[in-house]
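Next come two complexes, and both contain chain A; in the first it sits with chain B, in the second with chain C.
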Partner chain A sequence: MTSALAFDLALAALVLAIATLTIAAREAMSAVISFIAYGLLLSLAWVRLRAPDVALTEAAIGAGVTGLLLLGAAATIGHRQAGAAPPLALMLAAGLACALVASGLAATTLVLLPEPAPTLAPPAMASLATTGLGNPVTAVLFVYRALDTLLEKVVLVLALLGVWSLAPDRVWGGVARLGPDAPPRAMLVFLAQLLPPVGMLIAIYMFWTGADHPGGAFQGGAILAAMWLIVLTARLADMPATSHPGLRLLVLAGPMLFAAIGFAGWALADAFLAYPEGYAKPLIILAEAGLTLSIAATLACLVAGPATRTPPP
Partner chain B sequence: MTIFAACAALLMGLGLFGLITNPQPLRKIVAFNILGSGVFLLFGIVARRGAAAGVGADPVPQALVITGIVVAFAATAMAVALLLRLFADRGDTRLDHESAAGTEPARDDCRPP
Partner chain C sequence: MSTAIALVTVVAVSAGAIFFLAGTIGLIRFPDAPCRLHALTKADNLGLGLIVLGLLPQVGTLAEALKLVCIWLLVMFSGAIVTQLIAATSRHK
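After this line comes the complex of A and B, so read on.
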């Protein structure tokens, strides 16, 4: 047994154990904390699958931002959760059904996947030189399947619209509450002063390097969002009201810029979201810069949730 | 790779089990995320199998998963916001019908400001 195989086995066993712990935990809070550990371990599995871009996204968004969102929810309602466990017979039936589903999926993934494996890697790599990019994943996201990426940004904005719409009428356009009402601890304030300069630098690097190496707008945006959230949680800055025009512009700027570049493709190149020859990379970097800022603002607002207080006068 | 393929299948089974059996909505959301990450991991296997032309994994499924993780987060944020609104109005998060019939939800929105 090679050391790589031993590592993979140990990692898979650990991921499964922590997933079981997450499902079986008694308290909602301990389930959420296990879920964060699970996400971070899963990102190691993504590294082992040679997908560092996905690993960064999983660690930043799957574990980090989702974890923060769930932590906030568990802190609010965790100890007030009602509902008895279902009867044993139902548990057994569900367990049996899920075991069947899992073994069917295992059989499919281990045996029935086509051989040789279908792949789009050769055509993706063949056209990479024309895009000026070095990272094929970024090329898929911003050149070959740019429409998917544009629509995904729209999904984020729609989700934010949905979340903001859940505010009661009397606080419409107000300020979201983030973190506990108690004054922040000194340690949190210290970290909130120490981390953001470093984190912002890493976020900008992550966005910039995404063109040629693992990274990109999503990962950079998620780190930027985390830095803003830690400053807000430590009460070093105030959350802007959801009716603040600057905040709304920030959320919309990235998708609108990307869409504008897409429409310009009709005039300058020959199709929607096509880039004129030789200008692909600068245009992609421009779109990514706007998207990084918009993703950061949108993710942070999604974590903060709907308004709970009336807007300041 | 086969190890992670089996891992992905088991994660989907585990997530589905939690989604069905856990009565607490917040725990259902967490289980749903585990189910989703199992599906994403399956895409990772497909990508890794498609390694060719000098890259370690097919970039197309990788890009799909990155999009998927972000959309899963958006759905989770929406679900958590709905749950917190339910909690703010009712004082609990029960989804079963008896509790809904027993207590009148606070309809503060309907009052004129």
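After this line comes the complex of A and C, so read on.
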């Protein structure tokens, strides 16, 4: 047994163990903390599968942002948790349904797929030169399947609309509450003063390098969102009201810019979301820059949650 | 020469791994939050520091080496502050 195989087996066993721990945890908070560890281990598994783009996204979105969302949810519902477990029949049914889905997926990928599995990787690599990009994942996201990416960003905006809609009528358009009401600790303020410049630089690097290396708008946006959330939690800046025109514009700017580039493709390159000859890379980087900012604003607003206070006059 | 470099890497990374192991045992075995944090920070600072130190001779370019050092500094910085925050929160409970 080679050391790489031993490492992979240990990693797979650890992922399964943490997954079991997440399900078996009795308190919501412990389950969420296990889930974050699970996400980080899963991103290591993606690294081992030589998919660094997916690994970065899993660490930033799967463990980071989703973990924050779940931590907020666990803190909100924690004190309301009833002691009574759901009925046994319901738990068995849920377990059975999950096992069916998992074994169905396993059967499809392990048994039904021909060997070697069908792949579009060679044609994707063959056309890479025409896009001017160096990272085939970015080429898939912004050239081959650009429509999917555009719609994915629209879904993100719809998710934010759904969260904002949870605000009661009297505080509609108001300010979300982030963190406890007590004044922030001096250490947190110190962190919020020192870390964001470094974090912003890393976020911009992550977006910029995405054209040729692993990285991109989503990973950069998630880091940018984290930096903004630290500043907001330390009260170094005020949370803007959900009715703030600038905030709403920031959330919509990326998808709108991307859609505009898409429509321009009709006039300049004969198809929606097609890029004119030789201008593919600059246009993609322009779209990604807008999307990075919009993703950052949307993710931060998702974590902050619906408005709880009336809008400032 | 390459054997010496490899030896430095093996020794430093192994020492780092021992710090991680000790930190984990401390995290599980120590009785209260400040003690557990004390164990944890050794893994973060010294453990990761030794592993970065051991990996430095293996990288090809100066930029890669700087990135490794940046990772260590960032983890140390955020680790130190989060430790303070957890300790302060646990004392006020």
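The rule is simple: the second predicted complex is superposed on the first by the 284 of 313 C-alpha atoms of A that agree within 3 Å, B and C clash if a C-alpha of one lies under 4 Å from a C-alpha of the other, contacts with A are read in each partner's own complex, and residues count from 1 in each chain.
Throughout what follows, a contact is a pair of C-beta atoms (placed from the backbone, for glycine too) under 8 Å apart; a residue touches a chain by one contact, two chains touch by 3 or more.
Please read all numbers here as calculations on a predicted model, not as lab measurements.
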Three-chain arrangement built on chain A, chain B and chain C clash or fit: fit
Contacts of A:Val198 with chain B and chain C, given as first, second, both or neither: second
Contacts of A:Tyr275 with chain B and chain C, given as first, second, both or neither: neither
First, second, both or neither for A:Ile23, with chain B first and chain C second: first
Chain A: partner with more touched residues, chain B or chain C: B
First, second, both or neither for A:Leu188, with chain B first and chain C second: second
Contacts of A:Thr57 with chain B and chain C, given as first, second, both or neither: first
Chain B versus chain C as contact partner of A:Thr76, first or second or both or neither: first
Closest Cα approach, chain C to chain B, once both complexes are overlaid on chain A (Å): 21
Contact residues common to both interfaces of chain A (with chain B and with chain C): none
Of all residues in chain A, those that touch chain B in their complex: 5, 8-9, 12, 15-16, 19-20, 22-23, 28, 31-32, 35, 38-39, 42, 45-46, 48-51, 53-54, 57-58, 61-62, 65-66, 69-70, 72-74, 76-78, 80-86, 90-91, 94-95, 97-99, 101-103, 105-106, 108-110, 113, 117-122, 124-126, 136-137, 139-141, 144-145, 148-149, 152, 155-156, 158-159, 162-163, 166, 168-170, 216, 218, 299, 302-303, 305-306
Residues on chain B engaged by chain A in the complex (per definition of touch): 1-18, 20-27, 29-31, 33-34, 37, 40-42, 44-60, 62-67, 69-78, 80-85, 87, 91-96, 99, 108-109, 113
Touching residues (chain side chain A, partner chain C) in the complex: 185, 187-188, 190-191, 194-195, 198
Chain C residues within the chain A interface of the complex: 74, 77-78, 81, 84-85, 88
